[in-house]
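Letters A, B, C, D, E and F mark the chains in the order given here, with residues in each chain numbered from 1 onward.
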Amino acid sequence: MFHHSSKLQYPVKVDKPDPEFAMLLQQAIGGVEGEIRVAMQYFFQAMGTRGDPRIKDLLISTATEELAHIEMLGHAVALNLEGAPLSYQEESAKDPVVNAILGGMNPRHILSSGLAAMPVNANGMSFDMSHIYASGNVAADMLANVTAEATGRVLATRLYNLTEDKGMKDFLSFLIARDTMHQQQWLAVIEDMGGIGASMPVPNSFPQSEEAQEHSYYCLNTSLDKPLPKGRWSEGPAYDGVGQFTAKEKPDILGQEPILGPARPGSGAQKEQIQPGAPLEK
Amino acid sequence: MFHHSSKLQYPVKVDKPDPEFAMLLQQAIGGVEGEIRVAMQYFFQAMGTRGDPRIKDLLISTATEELAHIEMLGHAVALNLEGAPLSYQEESAKDPVVNAILGGMNPRHILSSGLAAMPVNANGMSFDMSHIYASGNVAADMLANVTAEATGRVLATRLYNLTEDKGMKDFLSFLIARDTMHQQQWLAVIEDMGGIGASMPVPNSFPQSEEAQEHSYYCLNTSLDKPLPKGRWSEGPAYDGVGQFTAKEKPDILGQEPILGPARPGSGAQKEQIQPGAPLEK
Amino acid sequence: MFHHSSKLQYPVKVDKPDPEFAMLLQQAIGGVEGEIRVAMQYFFQAMGTRGDPRIKDLLISTATEELAHIEMLGHAVALNLEGAPLSYQEESAKDPVVNAILGGMNPRHILSSGLAAMPVNANGMSFDMSHIYASGNVAADMLANVTAEATGRVLATRLYNLTEDKGMKDFLSFLIARDTMHQQQWLAVIEDMGGIGASMPVPNSFPQSEEAQEHSYYCLNTSLDKPLPKGRWSEGPAYDGVGQFTAKEKPDILGQEPILGPARPGSGAQKEQIQPGAPLEK
Amino acid sequence: MFHHSSKLQYPVKVDKPDPEFAMLLQQAIGGVEGEIRVAMQYFFQAMGTRGDPRIKDLLISTATEELAHIEMLGHAVALNLEGAPLSYQEESAKDPVVNAILGGMNPRHILSSGLAAMPVNANGMSFDMSHIYASGNVAADMLANVTAEATGRVLATRLYNLTEDKGMKDFLSFLIARDTMHQQQWLAVIEDMGGIGASMPVPNSFPQSEEAQEHSYYCLNTSLDKPLPKGRWSEGPAYDGVGQFTAKEKPDILGQEPILGPARPGSGAQKEQIQPGAPLEK
Amino acid sequence: MFHHSSKLQYPVKVDKPDPEFAMLLQQAIGGVEGEIRVAMQYFFQAMGTRGDPRIKDLLISTATEELAHIEMLGHAVALNLEGAPLSYQEESAKDPVVNAILGGMNPRHILSSGLAAMPVNANGMSFDMSHIYASGNVAADMLANVTAEATGRVLATRLYNLTEDKGMKDFLSFLIARDTMHQQQWLAVIEDMGGIGASMPVPNSFPQSEEAQEHSYYCLNTSLDKPLPKGRWSEGPAYDGVGQFTAKEKPDILGQEPILGPARPGSGAQKEQIQPGAPLEK
Amino acid sequence: MFHHSSKLQYPVKVDKPDPEFAMLLQQAIGGVEGEIRVAMQYFFQAMGTRGDPRIKDLLISTATEELAHIEMLGHAVALNLEGAPLSYQEESAKDPVVNAILGGMNPRHILSSGLAAMPVNANGMSFDMSHIYASGNVAADMLANVTAEATGRVLATRLYNLTEDKGMKDFLSFLIARDTMHQQQWLAVIEDMGGIGASMPVPNSFPQSEEAQEHSYYCLNTSLDKPLPKGRWSEGPAYDGVGQFTAKEKPDILGQEPILGPARPGSGAQKEQIQPGAPLEK
């Protein structure tokens, strides 16, 4: 069950409203790097957690915090939209500043939301839930979560750099801090499960004897004119404790040429496809 | 520049065509865990790589291999569609087996593709490119890649378990093996850059002095009736070498109640919102 | 700020797991009639509320309840997936019941979520946030909310009728009851603002003198061979207290034929479009 | 069967072309508040109408009018695009006005449509048909239609306020007038069916004895620190003539803690999830 | 302006309702090969037509006919849904036929539309308007239209083959016939403009002297192990009357290696990307 | 199998970076007229080709070339983003040029990609794979390919006209040239199969005796106030060598009025729909 309290997790202040920055902030709400994504991702992972119940509790606890982050960002967007131009007065139409604001903001902040946040990104694209990754495999999910927080923090620092507004910088410094924790928190779950090595290869429950292990540890070069770049990936022990990385400079091509049979009558093909050879050959 | 050779990377054989398995295999082509995703993700990351040129080369090399994986899966789908029913003959309409096949396969494998693979997932949803994660931050990108390969291998093992076809099992055992390598390969890039600790928090170029560090290392409990589950995430040194994880059992609520001003005239609101209080109060 | 407690709002029990019903239940999670939609719709409306602060509080309070409904449904889906077939054993492949289950369930409940709920509808389409209607106009928003709860209750009763499972019927009878309340709750907000008449036409803040009022009250027939059906919409006073409904049996056609000028050079048109007449005329 | 006549329903004139306003007008074509939506929504509702045949006739008649509204808006967009810059001449590149126009308009009005309307909204997102609500329940559908017309009129008044162009204001005043009628027309259908009370709760054909009626009439507070706001929704008779609204200040939490069993072998989980306890416990 | 008459363009009868065929028919309504697509494509092309006004008239006339085709298909879907099972009665749950129907039909035909057509394809994916191709170039548009009618007729014949229902076969034979005409009709517009040669290369208004003509007429082989297949595309005069087709067996690689500079401070990259070389080199 | 070589197919140079042009170029990568579309369309068509194996080889060969075009465009976008503003410094905020750049570029080129190309169009919408047309009918596919190259070349010439940058103009002149070839190449396949007439109507394998041939050759006028425009489409022999085009000035209306029966109990309808007449009649 969820509950709400009336105040925000952290103060959200805007010294000087900026409708263009409102548009940029939307990326942190409805972008793939944003807060709807992590809130819903942790929520759905929690609902599907099997195994250690601590992980479920940690997921739902953090999902709940992320809902509070959406709430703060929604307020930040609305505050930045204060005073946005609602009409092209004759005077303002000639005013390059008004023109620039109208050109640079998301017009749907006027047309569709009436100066409030929307569940969209900085291009006005609505968030779609196919970005919620919840695989039922806890290691895959934790990796997805570290990734989400990493891109989330990259985004937050870019937003921080783009504004000079003291209120917004303070607010973003809080979000950045929480992303610092959340990145590491999901890594800590992996450590708690035995570490990244013990988790590899994900899923670690599949018997490796059934994979084609002769193809499991070479790094493949598909370049025709450059050697494979050398690094940790081309030598040394694999992380799963089983194999040894090697470099394979050229793919073995082991398969056949993929040719399909002629089309069947009634399949909607051209008749040339059904009686192959004859009408097409020269 | 890209080039092509005519044979498949690995043999693709189907002992007994199965139109329902063709539908399942589509998840490995056009699903978010599938091969279009990794091929395009590595391609776009390569085009945006700044810094160590070895990483760019590794990305484009692996992107190219993933294109070859799409090619194999496309052939596998078509082979499984051989012999699928194209009509409801009076006899077959009464045949529960034909009915089951028609009910269980993707009908668009008949209607739209004429018995061939499509760029869709197992629900027939087209792949959309918003799932290509390429952030310009190499650590975030490598984490995204490990995640993609982890969910990819989870999917491949589930497909492996769902079929009894020897040809398909052999083919999937190859894909599983390559996922084993690719998961670890991207981790190796992170090790090569100094390891996961040195990468944290992503982006590691943002001066941590500017984040609200008093909020950077506590794991927050938002539950009203259960304590925070304890684990590596609630104690011990943070991975970034700076902070120490702690458990915070209850959120500080530091912010204000988020109240917006009245609506402005001309903003499309109801008049009750513009002259607040009066008409709404009792 | 949001909080969580560990138990569900209402008991969720499944007497006999049914993977096909799991697929149907997804419509109540990720369908346009479902709970993600209302949770997020009320949340975004709350963040944009201007005017009477009671409405904001009611919205956020109900948004929070809807989050708890997602949580229950997510559990209901997972319980229904217990025991779903994970492989085509030789025996089971011959078993029509196993085949029917595999054909009738969402295959991504195996392939992508590992037997857990996903943020998708009954066709496996992910929920997309463009369905969150939050216009900044409180009357439009309340109407959208009544609509969402009406379609939500229609869906819940259809699900109720489709199952014989006692646990599921009991759970759905709770959701149906809450939809009964929520439908009426948002209507009550409209009454509280003065009633549907006072709200009309939405937005009631736009000066009706500026609309083309001679076109504001006729119900238009565009049929060539049937008269306008008569009813409350074709006679009697309008609800806004201004006009009188009438029936107009045939549209006035007041406008011009819409003809565009020739294409401009450099606009990517065919040259026949740029020098019209000559090459196209016979 | 549909038919067409060559002139527009109402005159569409543009005194001074404005490519930025063309972008804004797109919201009224391809936005969720726009004309494609209502045209197609009424069309699909008409095709599914069961019961009173007058409703079907009214729906198809109005669907047909909305098609004519798309036609007018399409012409309005094209007229506003007249004279848009097609190239960055050296001179114009230095001209801030040209720059502002190119920055503020939809670039795909040049790149993709050649200076004509597209089925997109003001952010350039294509309309998707999941926004067509046609539930088979006539009361739910009428509520959806009132909502669509309410948000449509909100949008039209915002567009009206944003332009100073006399031709556009006159055209929009017509659209606003028709929205005034259409909002009320669908309400009138509800009155004709016995009124909003008789329709409640939608669907009114479901036997209320089967819903958990003890949960059907309380307005639930989920806030931890504020009482439920009081209003018509928390007291007085319900609209369905059955219950009495009450305020419930705190949710009963009636359900269990939702815990899933361990993962099954072969389900793609980590082995720690399959043999829970051992490797994860400290 | 649009108008409607009450009868269908052609009789739509269903001898034996078939809910699974209802699902298949949806592809002809909301699939990319379907009628919404052509109706809207011709409509938007008509609104953007510049040049020969006959083309605009032909487009809008055919758009109007296609609306009537949606209307017939919508009725065909509803008639096929007559008698679909609405509940899992204990008896019917054991009935494999009922199970097969519920497994093979679109469940949203029960859950979301109440046994009526929806604007979706055979996978239940909603039609999205990005498939409306209207480029402002009349030759490109006519080619798009021939393509749409070709895939439309392919689809209609596949549907025809899949059913044994006399009513449906008769109805589909009409749609197939109209597609026969419409394919050729748009080709006829191209002939009317001077023929396919005169239209080439589209757009024919771009001065070919400004393209890199040394690359305009060779067919490029990118295969490493097979020669370019020979045919009309590798020899003989080009259709535009300018060049001569040739076969180029191996790409010239004329460009540079695409290497980007180091990342800039403040761009959200890792510090290793900003000070390249040092931390990444071994 | 695919391979890669390290240099670009053609030189890509940017004389003066222009972040706004970077946004426009995205249309050629991720727009429906762009290179991802043709690369993937030819790839999927190749995987499904049945019949003449030369066509498969030609498709995969050209698919491979199109991948190289994506690679060049990706580099072109990144080069144009060099030097884009990353922050609103106090000074620059006052600088109208900086403001214009930030307003006119895609903000996600800063926020999401770190100054690199993305798989999106000029509106920032991600490419979605439903635009890959691969029908299994080779004539339909070739027509789709001519169309794709026609709109691709229209786009490329528009981009060419929009820039004054010498490097970009040179690069685009190469893409335009390749589009010139590719348009004609796919037409040549049709000629090779016997010409457009022999292909008509697509699919030419369906026995025309089964279509309602009395409806196969008239061009239908649905206008109420204008005659059908006359042209090649209204007279002369049809291209399929069977019929003769005629003009039909008025549709025969052959069908019934489409009326559905009353709603069934348990279908979620209003009770007025189930017992029609009574409560709705006046």
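In this section, a residue touches a chain if its C-beta (ideal position, glycine included) is under 8 Å from a C-beta of that chain, and two chains touch if they have at least 3 such contacts.
Worth saying up front: this structure is predicted, and the values here are computed from it rather than measured.
The chains that touch chain C as well as chain F are A, B, D, E.
Same-residue interface: chain A and chain E share over half of the residue numbers found at their contact.
Interface repeat of B-C: among A-E, C-F or A-D, the matching pair is A-D, sharing over half of the residue-numbered contact pairs. Centre to centre, using the average C-alpha position, chain D and chain E are separated by 26 Å.
If each chain is reduced to the centroid of its CA atoms, chain B and chain E end up 27 Å from each other. Taking each chain's centre as the average of its CA atoms, chain E and chain F sit 9 Å apart. Chain contacts: chain B has residues 1-9, 32-33, 47-48, 50, 53-55, 57, 60-61, 64-65, 68, 71, 74-75, 78, 86-87, 96, 100, 103-104, 110, 112, 114-116, 120, 123-126, 128, 130, 135-137, 139, 154-155, 157-158, 161, 192, 202-203, 206, 222-224, 226, 231, 251, 253, 255, 258, 260-261, 263, 266-269, 282 touching two or more partner chains. Chain-to-chain contact here is organised exhaustively, every possible pair of chains being in touch.
By the touch rule above, chain E contacts chain D in their complex via residues 1-9, 30, 36, 40, 43-44, 47-48, 50, 57, 60-61, 63-65, 67-68, 70-71, 74-75, 78, 112-120, 126-130, 132, 134-137. Of all the residues in chain B, the ones that touch chain E in their complex are 1-7, 47-56, 86-90, 93, 96, 99-100, 102-104, 106-108, 110-112, 114, 120, 123-126, 135-139, 192-194, 198-199, 202-206.
Residue ranges of chain E in contact with chain B, taken from their complex: 20, 23-24, 27, 31-33, 96, 100, 103-104, 121-125, 154-155, 158-159, 161-164, 222-226, 251, 253, 255, 258-263, 265, 267-274, 276-277, 279-282.
By the touch criterion stated above, chain A contacts chain B in their complex at residues 3, 5-12, 32-33, 53-55, 57-58, 60-62, 64-65, 68, 71-72, 74-75, 78, 82, 86-87, 110, 114-116, 125, 128, 130-131, 133, 135-137, 139-140, 143-144, 146-147, 149-151, 153-154, 157, 160, 170, 173-174, 176-181, 183-185, 187-189, 191-192, 196, 200-203, 206, 208, 210-224, 226, 228-233, 238-240, 245, 251-258, 260-261, 263-264, 266-269.
Interface of chain D with chain B (complex): residues 154-155, 157-158, 161, 224, 231, 266-268, 282.
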